[in-house]
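Chain IDs A, B, C, D, E, F, G and H follow the sequence of writing; residue 1 opens each chain.
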Amino acid sequence: MANPLVGIVMGSTSDAKIMQPAAEALAELGIECEVRVLSAHRTPDAAAEYAATARERGLRAIIAGAGSAAHLAGALAARTTLPVIGVPVSSSALAGLDALYATVQMPPGIPVATVAIDGARNAALLAAQIIGTADPAVAARLDEQRAEMARKVLAANE
Amino acid sequence: MANPLVGIVMGSTSDAKIMQPAAEALAELGIECEVRVLSAHRTPDAAAEYAATARERGLRAIIAGAGSAAHLAGALAARTTLPVIGVPVSSSALAGLDALYATVQMPPGIPVATVAIDGARNAALLAAQIIGTADPAVAARLDEQRAEMARKVLAANE
Amino acid sequence: MANPLVGIVMGSTSDAKIMQPAAEALAELGIECEVRVLSAHRTPDAAAEYAATARERGLRAIIAGAGSAAHLAGALAARTTLPVIGVPVSSSALAGLDALYATVQMPPGIPVATVAIDGARNAALLAAQIIGTADPAVAARLDEQRAEMARKVLAANE
Amino acid sequence: MANPLVGIVMGSTSDAKIMQPAAEALAELGIECEVRVLSAHRTPDAAAEYAATARERGLRAIIAGAGSAAHLAGALAARTTLPVIGVPVSSSALAGLDALYATVQMPPGIPVATVAIDGARNAALLAAQIIGTADPAVAARLDEQRAEMARKVLAANE
Amino acid sequence: MANPLVGIVMGSTSDAKIMQPAAEALAELGIECEVRVLSAHRTPDAAAEYAATARERGLRAIIAGAGSAAHLAGALAARTTLPVIGVPVSSSALAGLDALYATVQMPPGIPVATVAIDGARNAALLAAQIIGTADPAVAARLDEQRAEMARKVLAANE
Amino acid sequence: MANPLVGIVMGSTSDAKIMQPAAEALAELGIECEVRVLSAHRTPDAAAEYAATARERGLRAIIAGAGSAAHLAGALAARTTLPVIGVPVSSSALAGLDALYATVQMPPGIPVATVAIDGARNAALLAAQIIGTADPAVAARLDEQRAEMARKVLAANE
Amino acid sequence: MANPLVGIVMGSTSDAKIMQPAAEALAELGIECEVRVLSAHRTPDAAAEYAATARERGLRAIIAGAGSAAHLAGALAARTTLPVIGVPVSSSALAGLDALYATVQMPPGIPVATVAIDGARNAALLAAQIIGTADPAVAARLDEQRAEMARKVLAANE
Amino acid sequence: MANPLVGIVMGSTSDAKIMQPAAEALAELGIECEVRVLSAHRTPDAAAEYAATARERGLRAIIAGAGSAAHLAGALAARTTLPVIGVPVSSSALAGLDALYATVQMPPGIPVATVAIDGARNAALLAAQIIGTADPAVAARLDEQRAEMARKVLAANE
């Protein structure tokens, strides 16, 4: 079995349903991933360790999904210079607006690549795009997927 | 010189002006404090270490001020069970709303005692109230301060 | 039976379900509490009296939960220098955003330690942390609870 | 000199400039008013006393201006069944949105008649309209003022 | 049968359920009211006529409930110097925030006394308070109602 | 001189600076316009009359700019079936968000074509596009203008 | 069969239910329309082509409905000088606020005539108003429809 | 001279000052970039062409900065499967909130890696991180930069 290239991390098992499309999208593209539950607040050491060792374990990108005061993506990004992709999860009374701000408004020096609220599928596609910058086969599969999406939309007009 | 009882931590030297009233308010009440610049994202290890050793060094509360995706208070709170008081700083385009959400919307298990945007003075008063739960002299000084505030307001009517 | 150390006050019986986790969290930690329904607007005198006598009755912290133009925590804080912890309740059309602003944006002089919208459990943990600043047994229990939380998160990865 | 019919209360002397147009508008209409600085949080007893005795002292309406977690109008309204008119003041980082929510989102039973952020002039006109329901002379002056406003707008087209 | 003293106007029959508590609250206080469906946009002439003749028909206040770009209260207020009380209705995707802004943010010269989103009951109590400024019997009934509310809250503690 | 085809209406002379680009854009395209100051609240009859007679006077579209609880566009739209274009003006503490909601969130039956906050130039271009649906010369001028805009952007790359 | 005068475009088949009232409203007024599913992001070429050829195919206006980062109306507007009417769809966690901002806040030069969130019916009425500027029969039908709406509202009072 | 690896695109020359730090950050890291002014709305063809040919011209990532209804990043992302990084620019009355929503809330299938409002420097660091996934020298320089950032923060404590 191939080494995972993408790590999918979520702050709580209650985020699993929202994050599921990320794993599915990577599987569609034939990209190996690993899934972890790690909390920036309840398991800060384990989260820090996960990010700090991510590059040497062969990961090319980390996807982090969390809700409320969503620090997870930023906490991982603070420990690695791999691209970290943040998925704000709409699990609180503020419908994910809190998670969006807490994920995207990172200070200069530590970027998080933020996607839409509950946008786990796009997080995976972005990870694949990152891998595709150095792997023409992945880039080609992404291009095919785009063409197929376009065909489906146009088919709805017939 | 007495041991500091309160740590004032800020994510960046650019927050110093906003956080200054916290140190002043503690000085008014005769409570020793220490001031640190520690970033949840740029110095995550130092921030974690600071919080993890806070109780054994004699601190009773930590005040953390940060702007944007303000993770600092939450990151410190993840490493200690001392009360952590968060001051959202209005340094971004969103006027502190991002910092407020990122500070107050903590998940169950890891509370942050959040005060108003740029509310550094109230953070210090809250720290003093916490100390005052076990130190009648501090409680008495807080009560005197309240009475003095009331007198000033009423004097404005004369 | 021990004296209550924490008062849990809510503005309306309709907030009881949201505030229930506060009482439960204190019970888990072996901290005695009392529960009151007192409204800043409908019973202002009783609310004022409750806060004004809280310290002499042995309380160390007051937790106040209210929705809409949530004045309860601020109204209690105006009458005591004990720490007052505010829980904004998401009972209105604005999903608790009104209660959050009305609770956290206190003017200089009268702090309210605000937790997340509907964050009653964290309010109780914060009260316990405050008590723990002078009671090592409570602090130790909080540390154990943290370790247990971390174990549960990590167990989800196995 | 006539008894004041309207009380203008502000939470802080720093709100005086915003509240000034209320006094001016009442003067234009020949309605006597009194101005007080009273804080819901720093002088809760004086504020409560002011409202509780307002009707017997001859007031017909109270105008309350405050910023941030603006509890003043609600705190006064809790102590009187005279109409209380709230002016949210834009003095905080949130540009008055916090004060608006804290003033207008009152729970059932205790209304506050809220006007626009910094809308002190309209607060006075509303107080005059309330007096005008029983005082035809005031109502007539309000009607004249309206006609004059319309003339001024139309004159801008010439 | 007595003349109605309060007009309750709503922009659409779909607002009837939200506005119902206004009529009920006035009935509890023995204040006669009339209910109309009039739209600022679909029946602007009828709405203008209603407001313009309100005082001469004996009304003391008008309550106007509307959702979305809620112009109704302002449109009525533009045609009368009677107090107009606006109820923002939460019928749109924006949960009443649009209606709140469209109702409360009136320009200088034309006030609308705005209550909480969906706050029809408080609109009625405010109308009663206005009537009570000149009618001691109504004022007395409001005071009794307040005392009864307080008793109910306190009874919840037994 | 040709008949005006577009009416530019603003709620207050203080909006003139924001609305100026609308007149300029129409002049660039050789479309005659007229400018009026008319308030939905201070001159409701004149505003109603203006809209009701707009079509018979030869207008093809009305542009309405207003701030705060911006009812002007909706009030005009209620009196004509000509297209009414609303420009929310950022003149209040809420930076035009109130005006945006009050302009765009119109109920079914009475549309307002809303452009960006302070977007007076685009309002004029939209009016020209409407005229262009039946006037090929105007459509051609709009196409030329577009081509010129593109040239200017591309020129910035040289 | 007559040529369509209005194109209704939606970004996804999932928007069909929200956009349905646009087609119905045009049918009521006897205005021919065509319906397309075209995505600014998944079929950018087809969307561009659709708009670029719209005028020569006889369209007088395009209605575009999309949710989330709703670029569709703007993308079409970038390729034609026909009026483009945008309908922000409330399909995301942000309840259409994202779609509203992404549709209405167009930069100078490329207007989009934006209607309310989910306001498909009003989009159609606006398209009819545009056609009615040059087609008196359509204008007359719109006037009749208005009169009928007013009658229905007034009938609710009987 | 080396081929550019990163394209920095902005919607208007008025965004140049905000986007400048992106070019500077890439220069610090020794990564070649090219800068273009291309508008999704005013030059849609040139923007589409730029993205469509980006991979074959050797780019590894595109950074797109735009304000208001910021479609630029999404429009480029629609034409390439290279990673597109969006910088919401705070140039409108809504302080960049409109640009944030319009950039981050992309529909499934077409991701945009969004950074903070005005976060051009972080956009460049993210582009460098993407390049660093396949270029160990760039990754090493990023790690050194992080260490240097930490040193600077810690030095502020001495």
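Keep this in mind: a residue touches a chain if its C-beta (ideal position, glycine included) is under 8 Å from a C-beta of that chain, and two chains touch if they have at least 3 such contacts.
Not measured: the values here are computed from a predicted model.
Asker: Please give the intersection of the contact partners of chain A with those of chain F.
Answerer: G, H
Asker: Starting at chain C, how many touching-chain steps does it take at least to reach chain G?
Answerer: The fewest steps needed to get from chain C to chain G is 2.
Asker: Chain D and chain C are one sequence twice: same or different residues at the contact, by the over-half rule?
Answerer: same
Asker: How many degrees of rotation map chain B onto its copy chain E on CA atoms, rounded to the nearest 5?
Answerer: Resulting rotation angle: about 180 degrees.
Asker: Between chain C and chain H, what's the gap in Å when you average each chain's C-alpha atoms?
Answerer: For chain C versus chain H, the centre distance works out to 44 Å.
Asker: In whole angstrom, how far does the Cα centroid of chain E sit from the Cα centroid of chain H?
Answerer: 52
Asker: From the mean C-alpha coordinate of chain B to that of chain C, what's the distance rounded to whole Å?
Answerer: About 18 Å, centre to centre.
Asker: Per the centroid of Cα atoms for each chain, what is the distance between chain E and chain G, given in Å?
Answerer: 35
Asker: For chain D, write out the residues touching at least two other chains, lowest number first.
Answerer: 12, 39, 42, 68-69, 92, 94-95, 97, 104-107, 109-110, 112, 116-117, 146, 149
Asker: Between which chains does touch occur?
Answerer: Those chain pairs satisfying the definition are A-B, A-C, A-G, A-H, B-C, B-D, B-H, C-D, C-E, D-E, D-F, E-F, E-G, F-G, F-H, G-H.
Asker: With touch defined as at the start, can you tell me which chain H residues reach chain A in the complex?
Answerer: Those in contact with chain A are residues 21, 55, 60-61, 81-83, 85, 100, 104-117, 119, 121-123, 125-126, 129-134, 139, 142-143, 146, 149.
Asker: In their shared complex, at which residues does chain F touch chain H?
Answerer: 90, 95-97, 116-118, 146, 149-150, 153-154, 156-157
Asker: Can you list the chain B residues touching chain H in their complex?
Answerer: 12-13, 36-39, 42-43, 46, 68-69, 92-95
Asker: If we count contacts the way the header does, which residues on chain H are in touch with chain G in the complex?
Answerer: So the residues of chain H touching chain G come out as 11-12, 39-42, 44, 48, 67-71, 74-75, 77-79, 92, 94, 97-98, 101-107, 109-110, 112.
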